[in-house]
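If you scroll down you'll find the structure; I have some questions about it.
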Amino acid sequence: MRIQVINPNTSEAMTHKIGLAAQAVARPGTQIIACSPADGPVSIEGHFDEAIATLGVLEEVRKGREQQVDAHIIACFGDPGLLAAREYASAPVIGIAEAAFHMASLISTRFAVVTTLTRTRIIAEHLLQRYGFSELCTSVRCIDLPVLALEESGPELIECMAEQARRARDEEGAGAIVLGCGGMADLGRQLSEAIGLPVIDGVAAAVKLAESLVDLGLTTSKHGDLADPIGKPFKGRFAYMSR
Amino acid sequence: MRIQVINPNTSEAMTHKIGLAAQAVARPGTQIIACSPADGPVSIEGHFDEAIATLGVLEEVRKGREQQVDAHIIACFGDPGLLAAREYASAPVIGIAEAAFHMASLISTRFAVVTTLTRTRIIAEHLLQRYGFSELCTSVRCIDLPVLALEESGPELIECMAEQARRARDEEGAGAIVLGCGGMADLGRQLSEAIGLPVIDGVAAAVKLAESLVDLGLTTSKHGDLADPIGKPFKGRFAYMSR
Amino acid sequence: MRIQVINPNTSEAMTHKIGLAAQAVARPGTQIIACSPADGPVSIEGHFDEAIATLGVLEEVRKGREQQVDAHIIACFGDPGLLAAREYASAPVIGIAEAAFHMASLISTRFAVVTTLTRTRIIAEHLLQRYGFSELCTSVRCIDLPVLALEESGPELIECMAEQARRARDEEGAGAIVLGCGGMADLGRQLSEAIGLPVIDGVAAAVKLAESLVDLGLTTSKHGDLADPIGKPFKGRFAYMSR
Amino acid sequence: MRIQVINPNTSEAMTHKIGLAAQAVARPGTQIIACSPADGPVSIEGHFDEAIATLGVLEEVRKGREQQVDAHIIACFGDPGLLAAREYASAPVIGIAEAAFHMASLISTRFAVVTTLTRTRIIAEHLLQRYGFSELCTSVRCIDLPVLALEESGPELIECMAEQARRARDEEGAGAIVLGCGGMADLGRQLSEAIGLPVIDGVAAAVKLAESLVDLGLTTSKHGDLADPIGKPFKGRFAYMSR
Amino acid sequence: MRIQVINPNTSEAMTHKIGLAAQAVARPGTQIIACSPADGPVSIEGHFDEAIATLGVLEEVRKGREQQVDAHIIACFGDPGLLAAREYASAPVIGIAEAAFHMASLISTRFAVVTTLTRTRIIAEHLLQRYGFSELCTSVRCIDLPVLALEESGPELIECMAEQARRARDEEGAGAIVLGCGGMADLGRQLSEAIGLPVIDGVAAAVKLAESLVDLGLTTSKHGDLADPIGKPFKGRFAYMSR
Amino acid sequence: MRIQVINPNTSEAMTHKIGLAAQAVARPGTQIIACSPADGPVSIEGHFDEAIATLGVLEEVRKGREQQVDAHIIACFGDPGLLAAREYASAPVIGIAEAAFHMASLISTRFAVVTTLTRTRIIAEHLLQRYGFSELCTSVRCIDLPVLALEESGPELIECMAEQARRARDEEGAGAIVLGCGGMADLGRQLSEAIGLPVIDGVAAAVKLAESLVDLGLTTSKHGDLADPIGKPFKGRFAYMSR
């Protein structure tokens, strides 16, 4: 089984980290193909970055489709381009935010999200609403560090995240913590030890859900609103997308 | 006052029609600048088309910003790139779907949407949920004609829409009808006459809301999640977006 | 265009202030007719006051109808009698609470309300729920000053409101503030300067929405639940309402 | 124990019928005082009628208060003036719509409402939403007879109601039926026999809830938003309400 | 009238206390039959305890049915086995949590729950959601004392509850307090005096609702999802339940 | 890895079928231990059956815990005893209804459930609400065959299910179908072929989610409301549960 893990931003160090996190939980027969677009923002910290990055996500999906991968993972916590990718791909597509929410809801009655910037909280909240998890999530908490600052993680970073997680645990009754950024994929174990709660990394969660769907022979429903995009002309730079 | 009306698809005939509809309701001192991207799909009929078109929307917003327009309108019923545009622009940005929903809720207790393809219904439903109008909308009804077929509108088209509108009125108690596609901007009056209900075209509604915000001296809150995008490098094709 | 602005309470000073606020944002051709009932409470600070004041609102609507105004505005933050007025009038009717909520949702992802008395918070919360804005409003915050104390506004008043607004901004992520009382119609600019967020006054917002509906040729749907009241006898003091 | 049952409309025949229905279920020691305003509409079939009738409701509450009744019931299915009356009274106040919804939810997982005019459906739907019962009610169904036509009830009327009730039962899984009009207070048994489901009349339900609150020594919380109205001048016709 | 009050745990002291609380509010002609299962946990402090106790509840319902009681009350705040009991019984069945929520919503716009252990809060929250009261309840607050510690109630216990109740009143605007445990049935008056709000005990509330349903001739709808259990073999220990 | 699959009813043929379905999708290293209680109903078709069966589920969980299984699956579509089992077990516990809902939401925007008896629809609807999937599920559709009739499945059975599934697909826009009964575990492929939509069997889905959690090192959060049951005496038949 080959699973394409797409880092929607263009930071190779993060792509590498995400690839390692994915491979670490993949089962023996699963090959992880970590990739990221050549074009786009080095980090995704708002709707604008996300909108531009979505184009890169779709082009990586196209490559993955040509390589006949068995599943695609979108490894940015805003799940950018998820429904567009489900239309465009024939293999299943999983976003790391949805993956983490699903797993968290299987092991707790209430969970919290710890993410990077306050300004991206609304993105997570909109996803929780659309996916149906608003009532299960006690809060989306922010440490207000830029995404790329996660690269230089030290004990202060973990402590900073732990502080938010403890407040969610003690003040709101959260029973599990979701890591709210693909760049946090290597921090789960340390955070879990610091706070005594299970911590869910969306990259790892998405790998297991992707394997699961493949094992079950399930892929995106092609009846209705996620069917292949309707063939039509695209103009200019996107003429190659004409079908 | 200058209002930029962006048709997110690349069909010039539709851009022209939308521009006329906007100008028809603009007040004397308002200049409508209708435009559309050079690159992208000729129509938007799903998440994939929408994701690609969003890039064009943002580039048009950039141009509008350089021309110091007073407001931007995104004239596709999925409001593609709305929050990204609000980050990117300093002037207010209005989507035609939200505009139509707001106006409909001022003149009826319940409204229905009549749109083109069944496969795009989910896009409208997600917007209704995010904006808070789910309970006010009785249904999103589809005539299952492609967007570009609206260009050749004849009496059959109106009758087809009227049939759906009447069912919403009689079976569900809808008191007003929202036109669910920018390409329907010229059909409101005929449909209203056919069914005896007010009909709201989002393009016209958005022009009035844009004028209203400008008059009130209000623009997108730049505190918090719609602040200007954080400056950062963009790679490759999008290097010009680096800030 | 003539817009009737009804102050539902009987305080003439407030009617005057509201009228000025309305005229200040009306466009050149719009005439504002500010009025208030002869009979009823001098301020509206609860359900009881509101219920009595509603009678006055409807009688003012009747007068406005006879004067063939183009739109009616109900300038009390509880939108008293809104749906009754929509039945009774043929021109569109706008409440200042709904107007402010609509405008706030066009320029922020989340807004807060700052109002007078804690005991009226429930009225705003019920409106948010009915209109669909509950998820968009982070909180309704109260300064616990009586409505008429707003007449003697000084710097302390602004600071008192600013304190609540800052908490909504910093603790809850509100990006815009809605003024929760018609009597605050002259305080928007000062509050906005104090807190660095856009502030929406419902009176001003309602004037622009009223102008917008008139421009669009839209009025309350007379099909269904907002149709003209069914003709019937009224007894006693209200015999003159028999139809 | 003395319970005041207020028919908000001015039809004495209906007041009489409601009084009988209330007395029929009151326990031996309970005295029913049925009354209706001298002034106002002969029936309540929309928001306008309801707004006018609310004044009469409050004046009847005032009388009941002077007579030191133990509880007040508002016997119109829109619960007009309910929260205003709770402020104004010191004894508990029950609306017949809320009473019926509460009872129905104790004996079924889902119930339906059968009421008179389609145009009043929105009133019931708004109440269901505000009280929290939206998910428990499968539909509000209308027989499209005017309220006063209920006075001449014959077998056709029951059959007309039964047809709607059967559809709620068979198509939507409703397990109980709520009578959606005070004027239907004498029809419960016949309807129940016709359809084989329990039928809840709000007048009867409200009497039992009123007795219950009195027995429990509970009355409206006077802390917070239902506290006594704030004392203030009322002008003109309503000067007598100044406190 | 005979009402069976089932204490789902096996602590006889608590059964006695609950029986007294029930009898104290029952009207003259009502006989309270307090009982508890012979088998099961001495207190219910989680889903596991509740699941085991449910079996005892159903066996007590069986006994009550054989004694032809007029109504059954389940006197544990999680309403364990409520829908199963409604299937199994022919007389009406009331849970004390639902009873308290219903009564609280008749006398306040918002109420709070004060209960024992934080770990049981989720049970109350799930009930609030299922019954439709989530929006009406400001919070479920816990004093973190075990259920059986309520037996040794002293002034400290009341003060501990009062502290939580005051915070709900002052910080959240709760107008009434619901006692969140059957074992608190004797504490309502003291708590109410301490905090100046009405306090609702579910045992007392359930007795009045049970009397009300009996007076109205209403019982669980036997059409649909609460019909008598389908006859079938039960194996092993439960063979006696075969029908 | 060893996964215990608990059939909550006592029909061995169904246990066998469920075990086969589980083994069919388990990966090579996973051992399926299918079991069912010795005591309880032969099928679960309502709340009463479910309440009795829950005891058996918990006793099977106890056995599984003693055998140190890696995960437990509750293979009845009502997920009976799920939260109690999560308290009681240390390994993760998955219900087949939740498993199917999660998987369905990864491959479609809207799904429908096809189940056996109309009277059990409410159970599924309550689960959808509690888990957050209400908005994603278009309807719960019933074929009104008893659970055990599934044992004699023939082409008529598939056609009967297909008819409901097609209506969900064509009238409601469902993109995937969830099988609403453990006894349907062998029917997914045939139904999928008949209707052209992906079909999700909860037993298979649960196996993959169980494997996933084990791979991720995640189990039920033991902080808060799913912590081990509090130690206490149990009386009578359940004395062996005292801790």
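When the chains are written out, they are named A, B, C, D, E and F in that same order, and each has its own residue count from 1.
By definition in this document, a residue touches a chain if its C-beta (ideal position, glycine included) is under 8 Å from a C-beta of that chain, and two chains touch if they have at least 3 such contacts.
If you're wondering where the values come from, they're calculated on a predicted model, not measured in any experiment.
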Chain F and chain A - chains in contact with each: B, E
Partner chains shared by chain D and chain F (touch criterion as defined above): B, E
Reaching chain D from chain C through chains that touch each other, fewest steps: 1
Copy pair chain D, chain E: interface residue numbering same or different (half cut): same
Chain pair among C-D, D-E or D-F whose interface repeats that of A-F, sharing over half of the contact pairs by residue number: D-E
Distance from the mean Cα position of chain E to that of chain C, given in whole angstrom: 43
Distance from chain E to chain B - Cα centre to Cα centre, in angstrom: 52
Where chain D touches two or more other chains at once, by residue number: 83, 86, 109-110, 118, 121-122, 129, 135, 173, 224-226
Pairs of chains, among all present, that meet the touch criterion: A-B, A-C, A-E, A-F, B-C, B-D, B-F, C-D, C-E, D-E, D-F, E-F
Chain D-facing residues of chain E, complex: 25, 27, 83, 86, 92, 94, 98, 102-103, 105-110, 131-136, 169, 173-176, 196-198, 200, 204-205, 208-209, 211-213, 215-216, 218-221, 223-226
Contacting residues of chain E [partner chain A, same complex]: 118, 121-122, 129
Chain C residues touching chain A - in the complex, by the definition given at the top: 109-110, 135, 173
Chain E partner contacts - residues on chain F that touch it in the complex: 10, 37-43, 45-52, 54-55, 58, 81, 83-84, 86-88, 118-123, 126, 129-130, 146, 224-227, 229-230, 232-238, 241
